[in-house]
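Shared between the two complexes below is chain A, which pairs with chain B and chain C, respectively.
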Partner chain A sequence: MATTTAAVTLTSDLLSDAMSVTASTTCMKAGTTADGLDQLEYAVVEIATGDEYDLICTTPTASKASKLYVKNHSIDETYYVAVTQNAQAIGRLYGGDWMFIPADFHDAAADIAMTSNGGTNKIEYALFHEGTVLTTT
Partner chain B sequence: MATTCTINISSDAAPGFGGISESMTLTQAGTIVDIDSTTGFQRRKLSSTGAVDLITMASENIEPKDSVASKVYIRNIGDGKGNIDKTVGVTIGVNAEPIGKLYGGDWMMMPLTCIDADDVTATPATDDTVVIEFVMFYEEA
Partner chain C sequence: MATTTATITLSSTDLLSDELALTTTSTLTKTGTATGVEHTSGLASKTITSTAKGTASGQVTLYTADDFAAIPYLYVKNSATTAGHKIFIYDDSTSGDPLQFQLDAGDWGFIPMHGDKTYKAYATNNPTKMEFMVIGQDQ
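Moving on, here comes the complex of A and B:
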């Protein structure tokens, strides 16, 4: 089986006692313990300011265990992309920010969309999934 | 007063994929000033399939600025007794919109709007006990 692991280290000294969290997970197909995510969509795109685009080109199979990584590689800290799913605002990724989420794409409208602000934002994304609805020619 | 987060992803799903290793310092919106507020690290034990708020944005305990650079880290740590079940999932949502399902051991890091209606919710798929750890970083209004 394919093996995809995602590890995180989070540290903060905002509290009196410094916080440090580490975690690692092996990304499995939905509801399984023996079969890992085995398909990947990986790209870098530039989104001009004011433009909104769906990030994922093909719709992954709904309600599975897809994992989505997105990073805003803009070097200007005032640039950001506004992230929405199914028209619901999620939040903003400023230059240098990244996110990593489970994305179950529960219906056809549940795309992840990015709206670029401040200037052209350079976005890297990787979607680990277990199948997509491919577009026929 | 820095808050940093590092991710490392490795995968053999594609032979040429070299992995991802990135770090970010959580800053206030549009600046290089460190983010200044946090809910602190919390955990919530769930034992039924009903949706619960992990973070209620209109809570008087926190008053984050809206639509800036807030982030939340959430992890499904299993039953809290060291047993992690990859088949037990908890759907994380924002304002009733399902974002995705965290199976046992899975974690996520995502930005938030912190608008009052945009509560962060958790909905277990089963009645099995599952514990969710989370922490939000935000800018004080």
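Moving on, here comes the complex of A and C:
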């Protein structure tokens, strides 16, 4: 089995005491602590303004685990991509922002799409999963 | 101005033929600016006792629509230690309460939200402990 670790650290001086929150997880297949996710889709794409890009063209098998990492490499903080799942807004990634989502993108209706705004956004993404099936169009 | 940073590290020595070691840091700023965000909900630890969405009680509200200006950042972690004890986060503002994120035991997520939707959580097991925090610009 592959062992992939995802860790996060949040730090801030927002509060009167310094804040530092950390978490780390080993990316496992669904419902087990013994077998790690062993498949990966990793890419960098440039999305022109107004274009929609389907981040997940093949969807992970139903009831299987998947983790999605996305980063917007745009250096202009006014550029962003709008992120949707099944046409429902999840959020926006402005230049420099990243997101990490553990989810069950199990069918075509749960696909992730990104629409570029402000200019051409350069997007890096990695999908860790345990098998995919082709989506229906 | 406050400075808040979020750093992710993805690492593996055996997933690929070469080592995977990806680290990136972003500074959380007010939308479309380089000015740091100033507010946070604070880190919360709560117990979910509901095993279904739409029930009257036992779910945990992570974020209420429009509480913060866009874009609020959501950090969430499933504190369970038993595999299969999942947390489901759904959009309570949209018809049908669409499911958006799913965290197995120990999983965490970091999501720059749209900010105009209420997020709630239920779990496969009662009780299931979770922690979460929203960082952004209160309005």
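Criterion: the second predicted complex is superposed on the first by the 132 of 137 C-alpha atoms of A that agree within 3 Å, B and C clash if a C-alpha of one lies under 4 Å from a C-alpha of the other, contacts with A are read in each partner's own complex, and residues count from 1 in each chain.
Everything below uses one rule, namely that a contact is a pair of C-beta atoms (placed from the backbone, for glycine too) under 8 Å apart; a residue touches a chain by one contact, two chains touch by 3 or more.
Predicted model only: the values in this text are computed from it and were never measured.
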Check your understanding: For the overlay on chain A, clash or fit between chain B and chain C?
Key -> clash
Exercise for review: Kindly classify A:Thr11 by the partners it touches after superposition: chain B alone (first), chain C alone (second), both, or neither?
Suggested key: both
Exercise for review: Figure out whether A:Thr25 sits in contact with chain B (first) or chain C (second), or with both, or with neither.
Suggested key: both
Practice item. Find the residues of chain A that appear in the contact set with chain B and again in the contact set with chain C. Key: 2-15, 19, 21, 23, 25-26, 28, 30-33, 38, 40, 65, 67, 69, 71, 77-78, 85-86, 88-94, 96-104, 126
**Study point:** In the complex, chain B residues that touch chain A
**Key:** 1-14, 17, 20, 22, 24-27, 29-32, 35-38, 40-41, 67-71, 73, 75, 86-87, 89, 91-92, 94-95, 97-103, 105-113, 115, 118, 133, 135, 137
Exercise for review: Under the touch definition given earlier, write down the residues of chain A that touch chain C in their complex.
Suggested key: 2-15, 19, 21, 23, 25-26, 28, 30-33, 38, 40, 65, 67, 69, 71, 77-78, 85-86, 88-94, 96-104, 126
Point to revise | Partner chain B, residues of chain A touching it in the complex | key: 2-15, 19, 21, 23, 25-28, 30-33, 36-40, 42, 63, 65-67, 69, 71, 77-78, 80, 83, 85-86, 88-94, 96-104, 106, 110, 126, 128
**Study point:** Partner chain A, residues of chain C touching it in the complex
**Key:** 2-16, 20, 22, 24, 26-27, 29, 31-34, 37-40, 43, 70-71, 75, 77, 83-84, 91, 94, 98-117, 133, 135
